[in-house]
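There are two complexes below, and they share subunit A, which is joined by subunit B in the first and by subunit C in the second.
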Partner chain A sequence: MEKIKANLIEHVKSSFPEASATNHDGNRLDFTVKKECIPSILTNFKDILGYIHLSHITCVDWLEEGEFEMIYIVWSPEDKIKIFVRTRVERDNPVMPNIDMIWRQANTYEREFREMYGIQFTGLVGAEEFILEDWDGPPPMRRDFDTEKYAEETFFHRPGREDALDVREEIIKRSLEEIPDYAKKYSR
Partner chain B sequence: MIKMINDKNSQKIVDIIQNWSRKHSIWVLAYGTGCGAIEIPPTMTSRYDAERMGVRGAATPRQADVLLITGYLTTKTLKRVLRVYEQMQDPKYVIGFGSCTINGGMYYDSYNTIKVLDKYLPVDVYINGCMPRPEAVLAGFGKLQELIGEGKANGATKYKENLEWYRANQKKVIPTWKRPEYNW
Partner chain C sequence: MREKATTLYLGPQHPGITGNMMIRLKVEGDTIVGAQTEVGYLHRAFEKLQEKRNWLQSFTLMCRYCVPETDPMEESYARAVEEIEGREVPIRAKYIRVMVLELARLASFMLWYGGQNGSLGLYTMGQWSVGDRNYILDLFEELTGGRVYHMYIWPGGVRRDLPKGFEQKVLKTMDYLEKRLGDYDDLMFDNAIFKKRTQGVGLVDKATAIEHGVVGAVLRGCGIKSDIRIDDPYEVYDKLDFEVPTAEGGDIWARALVRRQEARQSIRIIRQVIADMPGGSVYNKVPNPQKWILPKGDAYVRTESVRGEIGLYLVSDGGNMPRRVHLRGAAYVHAVSLLEDVLVGENVADVSAIMNSLGTCPPEIER
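For the complex of A and B:
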């Protein structure tokens, strides 16, 4: 396993000198590249190294750093190694290269990112609406989207019962049990 | 015969017979929203056997009497539910199922589920719990039968009378209203 990993790192470093590799325990290996390199490095993995399976594409919102991190996870059935290809893209007006000509199923992921995070993909074909219907708010999976506030403004809420009792105080009255400190903040 | 039915006291007898027969043949539309639909198969099949009370599944909205809203209702599903509800023939009843339909439940802060079902549809019976067990579901059907027998399950009439109020609430969460206005 370690030998295969070392060979892989050497191979990738020779084609992409800017890529930085991180070795993890087990069958996992991380590469961090620039976003322009994404289509070429994934094509390299798929066609030359045999990493034919796109397991997942995921996005992390680094709000404090003003960036999104896109992670492409590919898998080889022969090497049995998961490769995480990471890249960063700026948070305001994010544009990513499109990879649905490499794996067609990436199209679905990318449409979801466009809707949930507001990330645009160059040359992405597909209906603008994916899961949400007539949505006019900001992209809902971004961390600065306040769902509680949005729900309060949009939907009706049922007021609580007026005769509702504080459960914890009732328990104390009946059983002489003491409330632990960590639970006190939940009491009304 | 017609003259006899128009008589006030005879109408009462007809109502009693009508309500009695309605309450013993509740046909439930096989339509599940959210996670609560998983409680329906055990309720219907041999262990709890709801069919002994006249509760059974119906394939299409036009044959069904009861619309079960099983669990959370997203605004996207609400459109379909309204379409289904308005296609159903009288008499029709709605059962709100699970705490999500009552006050939002664990989705109280979700951006795409409605929290209070009776602002959008006339609910006859609520069954609380997350999720309600089949016993609770049967108890809910029992309550509905009781209400039908007394002639008190009149959600559909309420919907007809207050259609404008319901529509205004529905359009608040469905900004692009792409279907024709319903005409009673």
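For the complex of A and C:
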């Protein structure tokens, strides 16, 4: 395993000198590259090194650092190693290269990230709407989007169901019934 | 004369659709010439909600990602947290986890039997298999208190030890189910209608499978031997003896053959696990959940479910809540990009059979 990893690091460094590698325990190996290199390094992994399975694409919002991190996880059935290809993109006006010509399924991930994080992928084809319908707010998976605040502002409580309300008392008020004595001790 | 193309909206409320999603079909007569998956009827923003919950509160949402098989998600989360924290899990807990995962697989296979046949009009199978699934749910109820959502496999081990005499009950149920699987074969695989409706329908070839990142039984139905339990073993799967069935053809029939064998392999695994189960504790206690802080780090873990590989990416920024949870179920690729391609050229009547066969589960797509 360690020998395969060493060979992989050597191969990647020869083609992408600026890539930095981090070795982890078990069958995991991380590479960090510039975002422009993503399509070429993934093609390299798929076509030359046999990492044919794109297992996952994910995006993490590092709000404090003003960056999104994109991570592409590829897997080789022969080497049995998980490769993490990581890159960072600035949070203001984020643009990433599109990789759905390498793996067709990447299209689904990219459509989701465009909607949920507001990341644009160059040349991405696919309906603008994926999960959200008629959405005009900010991309909701960003860390600075407050779900609770949005819900409070957008929706309203059913009358008698406002927050922190004693629902039993409201129901009794509406039905004009007295609280029975035995139940009074439970009432607030 | 060429038929005029019309648009057919299949779902979101349709008995043939496996959950709340819609497929926008372009049809010419009965033949599909274009398809587009439309989701958004079920988005619950679990991933966003989990970012505001501590590590244990977040765990309670994991099993709710997808109803037919809830334990792989719990197990993924538990394992990801353990990987980030470096927490040891008692060996007995690992055996119990495998038993629960395989029981969940069996229960999910039973639902698939019902769904796959129901989509072709063979309703008897659904009555049988969903009825038999209840025997597994009874076991879950005794073990965990819940029939569908268990919240049993949690970080550090499992929630409690097996009740007294539970192993014997499981073995008895396995004997019964093994006998029943023979009955299912008579009804399903010796059935001329089933053969006619499934052979050569919903074709996925090897090249398409790799291009789309296909996983699980769909990949094995193309003749590619791939199973996370063997390739990237977790818990105690590397100590167990079982086979990974494959079939050639890449159609619904091939995938059904694979699943038929896999259900039997699950029974085989459960028997082994019970025979080999060591004693000892089942839980490596975690700190007070309110003060439980994980070190900085990330983990990507994969679990084999009936629908295929489930991947969970978990990030900790050194706080008491997850920075990011991202679950990728098999349906995320099967039911969007792959389904859109596979449906072209098929008959409208086969859409639901193809969806069932690809393991479509809409809650996995939009989470």
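Of note:
What we mean here is this: the second predicted complex is superposed on the first by the 157 of 188 C-alpha atoms of A that agree within 3 Å, B and C clash if a C-alpha of one lies under 4 Å from a C-alpha of the other, contacts with A are read in each partner's own complex, and residues count from 1 in each chain.
Operating definition for what follows: a contact is a pair of C-beta atoms (placed from the backbone, for glycine too) under 8 Å apart; a residue touches a chain by one contact, two chains touch by 3 or more.
Values in this document were obtained by computation on a predicted structure and should not be read as measured data.
Once the two complexes are overlaid on the shared chain, A:27 sits against subunit C while remaining clear of subunit B. Looking at the shared chain after the overlay, A:172 reaches neither subunit B nor subunit C.
Contacts of A:158 after superposition on the shared chain: subunit B is touched, whereas subunit C is not. Look at A:19: by the touch rule set out above, it reaches neither subunit B nor subunit C. When the two complexes are overlaid on their common chain A, residue A:129 makes contact with subunit C while staying clear of subunit B. Within the superposed three-chain model, A:147 lies in touch with subunit B and with subunit C [touch as defined at top].
Set against each other, subunit B and subunit C touch different numbers of residues in subunit A, with C touching more. When the two structures are aligned on the shared chain, A:137 is found in touch with subunit B, with no touch to subunit C.
Shared contact residues on subunit A (touching subunit B in one structure, subunit C in the other): 132-133, 140, 145, 147.
Listing the residues of subunit A that touch subunit B in their complex gives 132-134, 136-137, 140, 145, 147-148, 150-151, 154-158.
Residue ranges on subunit A touching subunit C, taken from their complex, read 27-28, 52-56, 58-61, 71, 73, 75, 77, 80, 82, 84, 103-105, 107-108, 127, 129-133, 140-141, 143, 145, 147.
Interface residues of subunit B, counted against subunit A in their complex, comprise 75-76, 79, 102-104, 108-116, 119, 169, 172-176.
Within the complex formed with subunit A, the residues of subunit C that make contact are 36, 39-40, 43, 45, 47-49, 51-52, 210-213, 226, 231-232, 300, 302, 309, 311, 313, 315, 323-324, 326, 328, 332-333, 336-338, 341, 366.
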